[in-house]
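Letters A, B, C and D mark the chains as written, and numbering starts fresh at 1 in each.
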Amino acid sequence: MVTEPNNWGRFGPDDQRGTLNLLTPATVLAALASAATGQVISLAMPIRGATSSAAPTTVPHLRGRPLPQHFMSVDGGDYAAGTRPVGAGLRVADDAVIVTHHGTTTHMDALCHMWSGEELYNGHPAARVRSYGAARCGIETVGGVVARAVLFDVPRHLGLDHLPVDFRISAGLLREIHDDVRPGDVAVVRTGWPLVWDSSPEEYWSGQPGLSAGAGRWLASRDVAVVASDNAAIGGLNARQLADEGLEDDLHMILLWRHGVHLAEMLRLEELGAACAGRAGKDFVFVAAPLRIEGGTGSPINPLAIL
Amino acid sequence: MVTEPNNWGRFGPDDQRGTLNLLTPATVLAALASAATGQVISLAMPIRGATSSAAPTTVPHLRGRPLPQHFMSVDGGDYAAGTRPVGAGLRVADDAVIVTHHGTTTHMDALCHMWSGEELYNGHPAARVRSYGAARCGIETVGGVVARAVLFDVPRHLGLDHLPVDFRISAGLLREIHDDVRPGDVAVVRTGWPLVWDSSPEEYWSGQPGLSAGAGRWLASRDVAVVASDNAAIGGLNARQLADEGLEDDLHMILLWRHGVHLAEMLRLEELGAACAGRAGKDFVFVAAPLRIEGGTGSPINPLAIL
Amino acid sequence: MVTEPNNWGRFGPDDQRGTLNLLTPATVLAALASAATGQVISLAMPIRGATSSAAPTTVPHLRGRPLPQHFMSVDGGDYAAGTRPVGAGLRVADDAVIVTHHGTTTHMDALCHMWSGEELYNGHPAARVRSYGAARCGIETVGGVVARAVLFDVPRHLGLDHLPVDFRISAGLLREIHDDVRPGDVAVVRTGWPLVWDSSPEEYWSGQPGLSAGAGRWLASRDVAVVASDNAAIGGLNARQLADEGLEDDLHMILLWRHGVHLAEMLRLEELGAACAGRAGKDFVFVAAPLRIEGGTGSPINPLAIL
Amino acid sequence: MVTEPNNWGRFGPDDQRGTLNLLTPATVLAALASAATGQVISLAMPIRGATSSAAPTTVPHLRGRPLPQHFMSVDGGDYAAGTRPVGAGLRVADDAVIVTHHGTTTHMDALCHMWSGEELYNGHPAARVRSYGAARCGIETVGGVVARAVLFDVPRHLGLDHLPVDFRISAGLLREIHDDVRPGDVAVVRTGWPLVWDSSPEEYWSGQPGLSAGAGRWLASRDVAVVASDNAAIGGLNARQLADEGLEDDLHMILLWRHGVHLAEMLRLEELGAACAGRAGKDFVFVAAPLRIEGGTGSPINPLAIL
């Protein structure tokens, strides 16, 4: 079925890092030169975990997914109610967080997150992805991403607040915005779709704009290390929250599975978009450091742009 | 009781970021120049969350703390057992993670994590730290840390594998290792104590070496933005896993509470120590991006050193 | 404001069990005589915790509440994928469950769940209910409920499938259905509202029928031990999922807070209703055994009716 | 390997309930007659979930297992710190609980919990036990257990506080204590081992006394519905927390897998033992109602004895 071969062996038969291998020290050093002003912008959505309030539902997420939960196991309220300090007067707040990151918050996908048939990216056996974690291609193989990045601010380029729900971004449009994409780059694609959430969660859930298969293939051909977007699945989604494309054209199959390109999804790109508005075409430094969850299918992240 | 005043108002009465305010764009830009080779080293311990195995207990942690848990909600095993692919053939692995970071894994403390009396750092009311999160000084105020860093590899300096359990690092010793500490720096302090874990968890739990009060005051006087260490509490711990110092000399009180210095604990510094061995005195870039947990007392992190 | 006094001291100043004190051994023994056929019916809704599917959303719940999550930490799929058996051939499935029971599944409320002012039921200080649990009136004080029960099948009595959304059940209507209510009884009130879920979650969320304040006062005056219902809050709810009544007439205030009557909510009563249809007025045995969560505000339960 | 056949088809080829099928209405009705005084005793250990204290570690559990966690999402401390009441004055405490019940608290095992080869109890395919739950033999098939029970208080019979660590209870000893075991009964076996916890967790972890294979076979031959004990695995455990027996003699294989006997473990039997001391040989009513977790491998329970 799949006519485009899985990218086996490109970085050697044991490779579990995909195009992240392109992030050599020399590339990292060159990437740091993209910083022009030193302004640091967080590209993460907030995690609002208040279990007994509506707070978590105010952040964009896919319908039906278990939202992050955040619990304090001791806090200032307890001391106000009479809890004794520790020792001579220390007071402490402690907490716990439960996160199911796919579809609920800003995160990076590991190469074990999606596949077809019996093999993950690079021929690693999918049967090694088990209840106690992925013994192949887990998120802990990422280490950290420090790379040159370019922003494709598609709605701004088109004079829109955000892309329409069924908009699929073509390779041509990407090239029109920014043609200087280099091996090891992070392609940051803004759709503006999270803006829809504030006016209507129902509209947010009616589908999502995203990359076309052609755009995905073009980015893969440019050997980007990571594709990051403010939508939930890099490609577009229909009203059932699924991709419309067949297996051949599915963006996760093209990028993650066949080419070993890591994906970062559900970023918050409004502040970055505004900051880059006056400097079209300029690159910047992108840093993402997923938690070292052994065997994780991904991790919540707080990606940083250093302008 | 507290004779050394809380650092109120230093960055203005509403400041919730402490010395992170020193990380101006200009400082960040200057920090990036510390990168010499572009080598990126992750400073995080692995999160081993396999609930039905002994895996989590193989990673250093404070005794009795709830260890991270990691669950797959669908994985390759399910497909091996007959689960049908999504649509035309997509297969997916999805997971969830539960983390109580203090004492269990590499993390950063928010300024709301510890205090004395009724006020957090900078006079913010401790009563605003409640079950649904800290409305003041939460971890989401950090954004991201991109800074110049210096490594104090204390055991290597002393010709030891790791410091003895009751070793308290003096200000003089720090200065002897590295006197060029600048405002906005990250002071990374290696004790080597995690090495003890592999031979004996019981010995690991017998106490911990750490900074003396004097060393904490010296770092604060140098206006460091962050103090990061491979021990669990920056200061030392006794066999009951508590600090021996009184409130006046407690490292969290000195750094976090009085001076607004963020703390990063339980780092993995072995690889960094080895890499820096031949380049004593050299600085590097430190990046940490805590999850944007609104009202969090901290966050698990995967700090990166860019050499 | 509150003109009806909190039921302080009725069972003595230290009482944390409310009307459950009425369940003396003699009462329990008498209650067992209510069993006529030995048929056991579970009154619990299923807990569908599949995190990566829509399963949990197919069970009635209040909008926006964190649904139960259920994770397997090892399962048959892992063995199908090659996991080695334990020892000579043992295979095992293990799991974990996360439950926030209020509003999401069948549960019992502890007496610490709701109050007004500074005091819980019976004058216990509300300040003892802290982040690490309720030191007063927690669910662990319940032990177990074994009691005579009567079913008020209100829609069946009225010839309806379920009550309309704004129906408030009067004391007179309860009495009309079943006047022989005795001290220590469990009053089981069927509204049929969960049936609405299957046709439309949106309609389910548009409000809920429930007891009127008068009905609550009547049940309290009859010294029932527990009021159990298939709705989410014993009283009715409006479209914002809140009670319309003021503090004086709030069902939780009347029953739980003032009279120490435990509440069981979100029961599944369809099977019981059908089984009791031909035996109107007959009593049965009700058993509920909340988990002994120290300081819990309640517990998920699987209540049993023994007919 | 297994010479004793799996109990396939005893209750029909689709049976997922094992010997619980013996709990017919007539049997339940007869069982209720075992109640003599109406005294209700909870047989559950407390769930101490305070995450920031040592509380959970004070309850017996297998070493290394993730202990229950209990979080308040709003509590009295929050109101003491200034949280505004709901509406006209309602205050509320809400919480969440995370439980991995095997090895940590009083629980019942589902028939899908353990097996050998490719098939669960009664030939159900083990491949149907997947990450999203067991589609066969899950805990939700139990409904509720209401049965006659007999207590084998082995240490009291032998004049001991608790059995020695390597004591394996023989069939003869069980018969000596209580020979009148009937089909559908619950056999409650007290070892007293939890008493060891209070003096020394290390001793508790050094192994556990339990049933011998012969005793398991004898109980199975008597068609008991459930075997319940205060130890962690019905059979004994060695210092590695594993059974010493081979597959043939493993208690879970004999009872759960081959004969469909449900197991309840880690009960608290001290109070029951004392209450039954003067009434040796007398039966009582046992009630357990596991949460209806669809596809669960078991459930935390609060079993009740009605004397």
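Keep this in mind: a residue touches a chain if its C-beta (ideal position, glycine included) is under 8 Å from a C-beta of that chain, and two chains touch if they have at least 3 such contacts.
Fair warning: this is a prediction, and the values are worked out from it, not measured in the lab.
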item	value
Touching both chain A and chain C (chains)	B, D
A-D against C-D, pair bridged by the larger set of C-beta contacts	C-D
Classification of the chain A:chain B interface as same or different, half of numbers criterion	same
Rounded Å distance between chain B and chain D, as computed from the means of their C-alpha atoms	42
Rounded Å distance, chain C centre to chain D centre (Cα mean)	24
Centroid distance [mean C-alpha coordinates] between chain D and chain A, Å	44
Residue numbers of chain D (touch at least two other chains)	50-52, 66, 69, 71-83, 92, 94, 96, 98, 100, 127-132
Residues of chain B touching chain A in the complex	1, 23-30, 32, 35, 37-40, 42, 44-53, 55, 66, 68, 70-73, 75-77, 79-80, 85-102, 106, 112-117, 120, 125-134, 140, 143-144, 146, 242-243, 246-247, 250, 252-253, 285, 287-304, 306
Of chain D, residues touching chain B in the complex	51, 54, 56-57, 64, 66-67, 69, 72-75, 77-78, 81-83, 98, 100, 127-132
Footprint of chain C on chain B - complex, ascending	50-52, 69, 71-83, 92, 94, 96, 131
